[in-house]
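A, B, C, D and E are the chain letters, set down in written order, and residue numbers restart from 1 in every chain.
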Amino acid sequence: GRWTHEEAVAEVRRRGSGFVWIGLHEPNEDQINGIAETFDLHELAVEDAVHAHQRPKLERYDDTLFMVLKTVRYVANKTLTTNSEIVESGELMAFVGRDFVITVRHGRHAGLARVRRQLEETPEQISLGPAAVLHGIADHVVDTYLDVTEAIQDDIDKIEAEVFALRTKVSAEQIYLMKREVLELRRAVMPLAKPLQRLAEGYTPIVPEQVRSYFRDVDDHLTTVSERVASFDELLTTLVDATLAKITLQQNTDMRKISAWVAIISTPTMIAGIYGMNFEVMPETDWAFGYPVTLLVMLISCLVLFKTFRRNRWL
Amino acid sequence: GRWTHEEAVAEVRRRGSGFVWIGLHEPNEDQINGIAETFDLHELAVEDAVHAHQRPKLERYDDTLFMVLKTVRYVANKTLTTNSEIVESGELMAFVGRDFVITVRHGRHAGLARVRRQLEETPEQISLGPAAVLHGIADHVVDTYLDVTEAIQDDIDKIEAEVFALRTKVSAEQIYLMKREVLELRRAVMPLAKPLQRLAEGYTPIVPEQVRSYFRDVDDHLTTVSERVASFDELLTTLVDATLAKITLQQNTDMRKISAWVAIISTPTMIAGIYGMNFEVMPETDWAFGYPVTLLVMLISCLVLFKTFRRNRWL
Amino acid sequence: GRWTHEEAVAEVRRRGSGFVWIGLHEPNEDQINGIAETFDLHELAVEDAVHAHQRPKLERYDDTLFMVLKTVRYVANKTLTTNSEIVESGELMAFVGRDFVITVRHGRHAGLARVRRQLEETPEQISLGPAAVLHGIADHVVDTYLDVTEAIQDDIDKIEAEVFALRTKVSAEQIYLMKREVLELRRAVMPLAKPLQRLAEGYTPIVPEQVRSYFRDVDDHLTTVSERVASFDELLTTLVDATLAKITLQQNTDMRKISAWVAIISTPTMIAGIYGMNFEVMPETDWAFGYPVTLLVMLISCLVLFKTFRRNRWL
Amino acid sequence: GRWTHEEAVAEVRRRGSGFVWIGLHEPNEDQINGIAETFDLHELAVEDAVHAHQRPKLERYDDTLFMVLKTVRYVANKTLTTNSEIVESGELMAFVGRDFVITVRHGRHAGLARVRRQLEETPEQISLGPAAVLHGIADHVVDTYLDVTEAIQDDIDKIEAEVFALRTKVSAEQIYLMKREVLELRRAVMPLAKPLQRLAEGYTPIVPEQVRSYFRDVDDHLTTVSERVASFDELLTTLVDATLAKITLQQNTDMRKISAWVAIISTPTMIAGIYGMNFEVMPETDWAFGYPVTLLVMLISCLVLFKTFRRNRWL
Amino acid sequence: GRWTHEEAVAEVRRRGSGFVWIGLHEPNEDQINGIAETFDLHELAVEDAVHAHQRPKLERYDDTLFMVLKTVRYVANKTLTTNSEIVESGELMAFVGRDFVITVRHGRHAGLARVRRQLEETPEQISLGPAAVLHGIADHVVDTYLDVTEAIQDDIDKIEAEVFALRTKVSAEQIYLMKREVLELRRAVMPLAKPLQRLAEGYTPIVPEQVRSYFRDVDDHLTTVSERVASFDELLTTLVDATLAKITLQQNTDMRKISAWVAIISTPTMIAGIYGMNFEVMPETDWAFGYPVTLLVMLISCLVLFKTFRRNRWL
C-alpha cells in the first residue's frame, strides 16, 4: 500500500539502510510543515522552499543540506517583442539528509520523472544514497542549461544571418531582447558554480567520496554553459555595434544614390529653364536645329554626370 | 512611567537580562553626547552618526558594533529631468552592545516602526538580544532594496517598450538618467555585502550562533539585489546602443522616403521644363496631341520611378 | 629662539618625549641631505622626495615610514579646452620616525597650516606622537579629494543639463576632457587605499593602537571618493553615447523637416512647369478660370502634403 | 609481430620499465571499453573521451591523469560569410598512467605523428616516461595555437588595411565574424592555463621533477597566445567603432558634396525661372544684351558658390 | 689582455669574490652553447635566449636566475599608416648566477653601455654582486618605458587637439593605430610586474637583502607606467566615441545648412514658375508693376525664410 512519509522514514530508520524521496510541487506552508517537522528541517530553508524566487545556493543546516537550483526552458518565439520570453525559469529545491531527499518544484517545466527513472535503472547509483539523487537532479538541470544555450546559439545565428543579409530589416530590438534573456540565463547559471564546487570538494559528509567526482563532472558542464553564456553576451554587444555600422553604411549608400539621381535630373532642368527665358534676342531659339541640339546637350550632360558618379562609386 | 536612557540601562544591568533600544532621528551632537557617554560609544562612530553621508560599513569598537546602512526609497516621476530623483536615499546607523541597541536615522523614509512591531510579535526573536534587532533592521532595509529594484525593473520595461515602439520619441535622456540612478543604488547596495557576510561568519560575540544564519539569509537577498542592479546596468548600456541603432535606422527610412518623393517629382518638372523652352522649331508643340501625350509620359515616368523605388524598398 | 633641526632632535631625544616636525617645500638635494643624515633617512626615499612625480605609496625603511600622497585642487574653468586643467595635482611626502616627522611639499596647493593648527588645538592627539601628524595629513588630503569630487559632480551636472537641453550646442569635447581629468584624479586616489589599509592594520609599530582606527576612518572616506570617481567614469562613458544618440535624433528631426518643406515646395513648381509648356493646344490655358483654379490646385496639394507630413510626425 | 594492448602492457609490467602508447581516433564505446578495463580507467573519463565536446581540463582519478586539449586549425577563407569558419577545432584526450599513455583524437586535424617522431628522436625524453609524451602533446597543441594566432593576426591586418583604405567597401560583417572566431579560439585556449600550471607545480607524481619545467615552458607559450587573443578582442572592438566613425565621416563628405552641387545648379535654374515669367513689362527681355548678360550672371553666381563651398571644405 | 669567459670565471672563482659579466647580441646556438656549458645554464632558458619572442618573465633553474625583459623604443612618425610602428620592441635576457651575469640582447635599441657606465661609477653598487647588474638593467628598461609613455602622451595630446579643432579632418584611423600600439606596449609592460615583485620579496638568495628595496623602487616606476598605459587605453576608447559624436554633429550642421539654402532658393523658383505659366488670363502679367513687385515678393520670401532658419539655428 501507499506509505505516509512518517511511516516511510520510520521503516527506513528501522532497517538502517535505504532512504526516502519525497517530491512536492509548489507546496503551501501547511503541506510542508508536517514534513519539515518529521525531518527536522530548518525554518529559514522551509520558508525559502515555500516562497521560491531564490537564487541558486547551497546551505548546510546541521545534518541537512538545502540546495536551490534554477530550472530553465527555452520558449520558441516567432518574433520577439518586449513582452515575449525566450527563457522561462522555474525553481527546484532539495533538502538532503542522511536518509531522505525532499524535492520541491516551482514552475511548470521542472519535472524529475526522467531523473527518477534513470536512477531506478542504475541500482549501484541508488546505493550511494541521497547524494546520488542530488547529483541526478543537478546533472539533469545542467543538461537542460546546455539545451537552452544551444537553442539560443541557433537564435543568435539567425539574427546574425538577418543582420548581414543584403536588405532585410535589421532590428536592434531583437538583439536587445536576446541580450536581456541571456542576462537572465546568466543569473540562473553563474551562482550554481560555487555550490557544485563545494559538493565536489567534500563540503559535507552527506556526499560520499565516490559521488564527489560526479559533481566535479557536473561542474565541468556548468563551466561549459557559463563560457557559452559569457560569449553570447560579448557577441550580442558586438552585434549591436556591427548593426549600427551596417545601417549607417546602408544609409550612406541609399542617400548618395538618390541624391545623385536628383543631381543628374536637375541639370537638364536648368538647361530647359535657360531656353524657357523670354528674351527678345536669343539666337539659338531661332535656329532650326536649336531644339534637337539642346536635347542632345541635355542627354550628354546627364551621361557625363552618370559616368562621373559611377566612377566615384556613388551609383 | 517613561524611563530616561540611564535609568533604563541601569535597570537592565541590574536584572542581568533584556536590553535597551533607543531610537534617534537626525540627532545633533548635544543630543547624542549624553547617550554616547552612558553607553561608552567610540568618538569616531558618534561623529559618523551625527554627520551622516557615510557608506555602508560595519565597525567594531571594543565591545560595541557600529553599523551603517543606506536606506532607499523609490520616487515615482512622471517624466525624468536632470533634476529629478528616482532613488532617494537616507541613512540608518546602529550601535549594538551586549545590552543595548541605539539606532540613528537620517532622512525621511527610514522608519523602523514595522521592524519594532515584528520583533514584539516574536518574543523568541527578541530573546536573542540586540543582534536580533540588528537582523530585523538589516532584513527590513534589504527588503526595501528589493522593492526599489522591482520598481526600477518596471521603469526599464516602460523605457524598453517606448524605445521599440513604432514612432514614439525615443529619449536617450531617460535612459541616461535611469543609469545615473542605478549607479547610485549600486553605491548603496554593494558595500553592504561585506558587513553582512562578517555578521554571518561570527565576526563578533555580540551576534550569537543562532542569529548568524539569519544574517546569511539577508546576505542572500542582498546578492539577489546586487545581481539585479548589475544587470540593470548592462541592460541600460545596451539600450543606449540599441536606441542609437533604432534612431539611425528610422532616419535612414525617413530620409530615403522623402528624398525618393523629391526625385519622383523632379522628373515631370524636367519634362515640363523642356516643353517650356522657346525654340521656334519644336514639332511636338504644334502637334494637337502633344499636350495630353506629354502629360501621359510624365505620369508614366512617375509610376516607373515609384515602382522601382518600391522594389528597392525605398518607399 | 629658533632651533636648527639638529638641536631640536637632540633636545627631543634628551627629554625622551615629544617629537620634531620639519616642513620643507620643494627642497633641492643640498637642503635635504643634511636632514637625511640627521634622521638617517634611506637614500631611495630621499631621492623620491626630491624628484617628486611619485605615485601614492607607503614604504618602510628600518624604523622610518615614508609615505607619498597626491594632493589635488579643483581649478574652475569657464570653458574647457584641450589645454585647460580641472584637477591640478601636487605631492606631499612624509618621513615618519619614532620622534620626528619630515614633510616635503611639491606644488602650490599643499599647505599644511590647517593641519598644524588643528593638531595644536587637540593636545591629546599630539601626545599620540608622529603618527597623529601622519593621520592629520592623510585626513586633510582625503578631505580635499572629497571637495574636488563634489566640484566635479557639479561640473558633470552642468554638462548633463547642457546635453539634454533642447537646443544648446552639445559638446563631446567637454565630456571627453572631463573624462581625462577624472582619470587623472583616479590615478591620484586609488593607489592610496593600500597604504591607508596597512596603517589601519598595524603595519608598523610607529602607528600606535589608538591611531589605527583613525586611519580606518580616513580609508573609509577614501573609499567614498573612489566609488564616486568610479561612477563619474561610468556616467561620462554613458553620457558620450547618450550625446551621440541625441545628436543623431536631432539630425533626423532637422533634416526630415527641411526635406519635407523642399518636397512641399517642389509640387507647385512641377504644376507651374506643366502650364509653362508651349504647346499650341492646351485647353486649360484658354479657359478664363484656368489661372485661379491652377493656383487653387497648387495650394491644395501643398496643404495635403503638409497634413500628411504632420500625420507622419515629419513636421 | 604486432602486440595487442594487453600483451604490450603485460610485457612492460614484466620488464618493470618502459611504457605503452595507444592512439585512438574517434573510438566508439565498444572500442574503448576493453582498453578502459585493461588500464582501469575511470568511467566518467571514458565517457568524456567517447562523447567529446569537452572543455580543456585535467582530472586525476586515482593513479591516472586524464587531460583534455582543444586542437585548432586555421581555415583560409576568400570571403567570410556567417557560415564560414576560420578556426576549426577538434579534441585530444590523453589518459596517462605510470606505464601507459592512451591518446584519443576527435576531428580531422589532430594528428600526433610529428609528436611521436620528435620523441623517438630524443631517447632521453622518452626515458622520462609517459609524462614526456603528455608534454610533447601539450607542446605541439600550443604550437598550433601560436600558428593560428599568427594567421588571425594577418587577417586582422588585412581588415585594418581595408577599413582605412580610401574607398573600399568597409564591412562590419567581416569584423564581427572575426570577433566570433576569436571568441571561439579563446574558449579553446584560456581553460588550458590551469591544467598546465598544475602539471608544472607537481600536481601528480606521474609527472617527474625534470618534466615540470617543460610544462612551465608550455604554459609560458600559452600565456603568449592568451595575451594575443585578448588583444585581438580589444582591437576588433575598437575597429568596429573606428569603422563606424569612418563610414559616418565618409557619409558626411559624400552627402555634403552632392548637396553642394545640387545647391549650385539650383541658382541658375532660379534665375532662368525669373526670365521665363510672362510679364508684359520686363525691360531686360527687350534689351539686346539681356540674354548673354543673364548667362554671365548665372555663370558668375555658380562660380561664387563653388568658391564659397571650396573655402568651407564642402567640395 | 682579454680574457676568455672560461678564464674569467675561473679567475673569479679562484679569488672568491667579484663576478663576470658577459654581453651577447643576438647569438646563434653555437655561440651560446660554450657559455651555457661553462655556466651550467638550463637548456630551456638557453633555447629561449636564442629564439627570442618571449614574454617578460623570471625563471629560477637551480642556482641560476633567468629573466626576460622587453625593451621598447619610440619611433616618431609623420603620419600613421597601418604599416607604421610607433613602438619598436626588442628583448633583453639575463642569466644571473652567484658569480656571473650573462646578458643577451635582441633588437637594435637595447644597448647596455649606459648601465655598465653607471655601475662602474658606483663601486658600492657593484660590490653587491650580479643582482646589482640585474637591477641596473631592469631600472634602465623601465626608464625607457617611462620615456615612451611620455612620447605617446604627446601623441595623444596632438590627436586630441586635432579631433577637437574646428575643421580639421578627424581621423579615426590615427586613434585606432595609436590604440594598437598602446596594446603592444601593454603586452611588454604588464607581465614584468610579477618578476619585479618577486625579486623585491626575496624570491632567491642571489638577490641580497640590500638590493631588494631597489627592485621595489623599479616596480614602483613600472606601476606608474602601467597606470599610464591603462589610462591611454581608456582615453583612446573614449576618444573614438567622442570623434564619432563630433563627426555626427558636424554632419548635422553641414547638411542642415546646405539643405536650408536649397529650400530658400526653391521658393523664388516656384514663384517664377507660376508666372511662367501660359494662361491667357493672368491679370498680374498685364500689370505694369507686376514684374518688380514679383521680384520684391521673391526677395521678401527669401529673407523671411533666412530669418526663420537663423532663429532655428539652422544657418
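As a convention for this text, contacts are C-beta pairs under 8 Å (C-beta built on N, C-alpha and C of every residue); 3 or more make two chains touch, one makes a residue touch a chain.
The shown structure was predicted, so the numbers you read here are calculated from the model rather than taken from an experiment.
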Cα centroid separation between subunit A and subunit B, in whole Å?
24
Could you give the separation in Å between the centres of subunit C and subunit D, each centre being the mean of its C-alpha atoms?
39
Residues of subunit B that touch at least two other chains are 241, 243-244, 248, 251, 255, 259, 262, 266, 269, 273, 276-278, 282
Considering only which chains touch which, how would you classify the arrangement: line, ring, star, complete or other?
ring
Can I get the ring sequence of chains, opening with subunit D and turning toward subunit E?
D, E, C, B, A
Residue ranges of subunit E in contact with subunit C within the complex:
157, 160-161, 164, 213-214, 216-217, 220, 223-224, 227, 231, 234-235, 238-239, 241-246, 248-249, 251-252, 255-256, 259-260, 262-263, 266-267, 269-270, 273-274, 276-282, 313-314
Footprint of subunit B on subunit A - complex, ascending
42, 44, 48, 53-55, 57, 59, 61, 81-82, 167, 170, 172-173, 175-176, 179-180, 183-184, 186-187, 191, 236-237, 240-241, 243-244, 247-248, 250-251, 254-255, 258-259, 261-262, 265-266, 268-269, 272-273, 275-278, 282, 284-291, 294-295, 298
